[in-house]
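Chains: A, B, C, D, E and F, in written order; residue numbering restarts at 1 for each.
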Amino acid sequence: MQQYPPNIEHIDQDMLKVEVNLDDTPGEWLGYVMEKLFDAGANDVYYTPIYMKKNRPAVQLQLLCSKELLTEIQSILLKETTTLGIRYYPITVFRMERRTRKIKLKWGEVTLKEGLQDGTVVKVSPEYEDCRLLAEKYGIPLKDVYAAVWRQIEVGTT
Amino acid sequence: MQQYPPNIEHIDQDMLKVEVNLDDTPGEWLGYVMEKLFDAGANDVYYTPIYMKKNRPAVQLQLLCSKELLTEIQSILLKETTTLGIRYYPITVFRMERRTRKIKLKWGEVTLKEGLQDGTVVKVSPEYEDCRLLAEKYGIPLKDVYAAVWRQIEVGTT
Amino acid sequence: MQQYPPNIEHIDQDMLKVEVNLDDTPGEWLGYVMEKLFDAGANDVYYTPIYMKKNRPAVQLQLLCSKELLTEIQSILLKETTTLGIRYYPITVFRMERRTRKIKLKWGEVTLKEGLQDGTVVKVSPEYEDCRLLAEKYGIPLKDVYAAVWRQIEVGTT
Amino acid sequence: MQQYPPNIEHIDQDMLKVEVNLDDTPGEWLGYVMEKLFDAGANDVYYTPIYMKKNRPAVQLQLLCSKELLTEIQSILLKETTTLGIRYYPITVFRMERRTRKIKLKWGEVTLKEGLQDGTVVKVSPEYEDCRLLAEKYGIPLKDVYAAVWRQIEVGTT
Amino acid sequence: MQQYPPNIEHIDQDMLKVEVNLDDTPGEWLGYVMEKLFDAGANDVYYTPIYMKKNRPAVQLQLLCSKELLTEIQSILLKETTTLGIRYYPITVFRMERRTRKIKLKWGEVTLKEGLQDGTVVKVSPEYEDCRLLAEKYGIPLKDVYAAVWRQIEVGTT
Amino acid sequence: MQQYPPNIEHIDQDMLKVEVNLDDTPGEWLGYVMEKLFDAGANDVYYTPIYMKKNRPAVQLQLLCSKELLTEIQSILLKETTTLGIRYYPITVFRMERRTRKIKLKWGEVTLKEGLQDGTVVKVSPEYEDCRLLAEKYGIPLKDVYAAVWRQIEVGTT
């Protein structure tokens, strides 16, 4: 398994998509399971509404993780959900070159995540948690914090 | 409460939409609940996927019933789901004039449901259960039974 | 029915929400129906995925229209979908004071929609179709046109 | 407005359902908005996936609140989302008689929420946050905490 | 293709996920198709709401089957739906060790499905159809049958 | 890479499924992105509602394209959405033998798409855009144009 510095553009061949269909796990538990899976190192965890046999509205849990995490992820799914089976397949992940930097708003600092192509920044977005903290601290709309960020950044063709 | 012959075009002012949000009822039970609600006389019962607090994928059960059924419907919802509260509001229902008649396919008879405006048939659809029975009895695709029906009917402008 | 100049903050008591559940209309027709309903003057038309009896994945069509449009809207729904019944209920709509103005980007003009509270602009968003035209004309990402807009606008607390 | 002790079975006529359709608010902000709305006293807040014009996957925010909260709720929606309009309608809420009590598991106490009909407990469920704390403190599956609760409770006909 | 006794923990490398996107098949037919696919031996069949071009709300049918079933499954999809193309990819399935046993409730017997890790039962759930039969026979809530089961079982850490 | 005449039954081994999860791209942009992806040659593009961490309702964009299109598709996704990563996996596509022919309705011509198995037409559907043009030109329901088509065609067992 070849290792890349995580922020350089690369293609990751060591990832799995893992899936379970859940028609007898209450939604209440699924919010909890999501946290456990992120804590264990899953790169992404998300739910899709599905419709199963016998008129059952149900949920598909999907997650992305590196192959080496599979055993731990399976163990969580078996412990925390009602499933008796777990499905997975390899998935290739292309990741842009990434970089972070900080900018100053009048309320405080916000981290920017930048995506680069051929050394040029083509994509910028503020760190949600930073914006949220400022919004809550100063009692301003989150939207206005984002707006303040956007006024300071230049991307791509603009 | 004014009564209309059910097949004449009319506006029904005596219907309710009933809703419950369910984040701790497993999908497995919900297929069952749907049947109980139809058995009790609900006009329609359906599920919508929703997303609730604490990252919970959940389900909204909605149903239509006449006002006089409310007590019985509530009783089923309280017994068969985990909800402690039930919400409802009046909903007006416009219903087209309806009529049924039978047609003969080479495999047997199928009931047609017709919708009329100003005495003219503007809408025709075969009864699903009739088509299904023929499809299963003769081992033919359901789609082909419908196709055979469509070849025999004329509607609206056509 | 009291008339308000459409751009002044007001509460509209003359609106209806109209709903139909569709389990035998193919998706292909529904894109078409949406257009017809907007053409007829519906204020909003949207689809929600639902699950109906007999394991049928289905679609709920919902729309908002003024009460006086109801007859025309019903007529379209009866002609263009397979439903035999249409449901509706009154819905109150609060509308912010609105205003439009134009700004200049390096590629051309874009209309801004502004929302005001107590005479202050608290919300600004560019007209999608304007941004789209510039993006297509100059071969630039739509996202970059929006970014260029955001850099020029000041809202609310920012 | 008549006041009921909150835990007695009653029908609440003072509630509103509030709705906004959002096709230009990023999902990232919507998690934040949900919190603000609950903090302001909304009884329930949830998201439904919808499909809007111009091929836009979008989200309907729905919430329940008492009529007297409407002004504050509207203010949050106008500040924190991109909507220029807010829709609402009255909704009746039936609420079961409720009671809480505590039980002891081997790991600690858990609050039970009970629903009563005619003085009899017909529904029991443990408080999620209590179960979650025990699960995290003792490193056991959440599911096992619930199972331990279920072994101690008797409901309805059982 | 290596064969495992179905109830022993194993990893199945001979499964496929099959997918079709359906924007011109009415929901009414899809309930029927689901049955045909289960009858043919599919391990799982489920529907996901999707949004396709031209504003079409549509449905993705997904199913799991063993590779050797592919020809039969394809044949059903081509006959019963409107699709002209079928997509598939291999998917690995981990299956827990399983066992069933019966327990006695006061209304009758219910089968339990148990999942085992390293010889220990870590997961138990009652057979839905057994519970349903008892609920219907004795006119009791399904939920109460499940509750009666839960009071008799011990799992995992509890 | 072996080339098949596109209309002959064949199995295509050169296709990819590409996926991105989007929780910070507004729905407004996604309608636009869909067009760009189809213009670039994607065979299918569709959206699925998903639920991500931090209570975010979000969207999964999925598309099918040939392997040789991957670079161009990636470039569009990176330019037009907010994602920093793109996931993909090979997917096999079975395609039926296809043929088109024209039929005459009283309003004009419509193209039929036919699917064949072993030289026999087992599936026929009209070209949506043809039907739509006739419906709009003559002010008739789209449904009636389809009905007129169905009356003229014979398929499979019928």
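The working rule: a residue touches a chain if its C-beta (ideal position, glycine included) is under 8 Å from a C-beta of that chain, and two chains touch if they have at least 3 such contacts.
Only a predicted model underlies this, so the values are computations on that prediction, with no experimental measurement involved.
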Applying the touch definition from the top, give me the chains sitting in contact with each of subunit B and subunit E. A, C, D, F
Tell me, please, which of A-D, B-F or B-C gives a repeat of the B-E interface, judged by over half of the contact pairs matching in residue number. A-D
Copies subunit D and subunit B - interface residue numbers shared by over half, same or different: different
Using mean CA coordinates as chain centres, what's the subunit D-subunit E distance in Å? 30
Which integer distance in Å separates the CA centroid of subunit C from that of subunit F? 25
What positions in subunit E touch 2 or more of the other chains? 24, 28, 34, 47-49, 51-55, 57-58, 79, 82, 89, 128, 141, 143, 156
Along subunit D, where are the residues that touch subunit E in the complex? 49, 51, 53-55, 57, 138, 140-141, 143-145, 147-148, 150-151, 153-158
Sites on subunit F touched by subunit D in the complex: 22-28, 30-31, 34-35, 47, 49, 52, 54-59, 82
Would you mind writing out the residues of subunit C in touch with subunit F in their complex? 28-29, 32-33, 49, 79-82, 128, 132, 135, 141-143, 146
Of all residues in subunit A, those that touch subunit F in their complex: 15, 17, 34, 38, 44-49, 64, 89-96, 98, 113, 115, 117, 122-123, 125, 128, 156
Counting only contacts in the complex, subunit E reaches subunit F at residues 19, 21, 24, 48-54, 58, 60, 74, 78-79, 82, 84-89
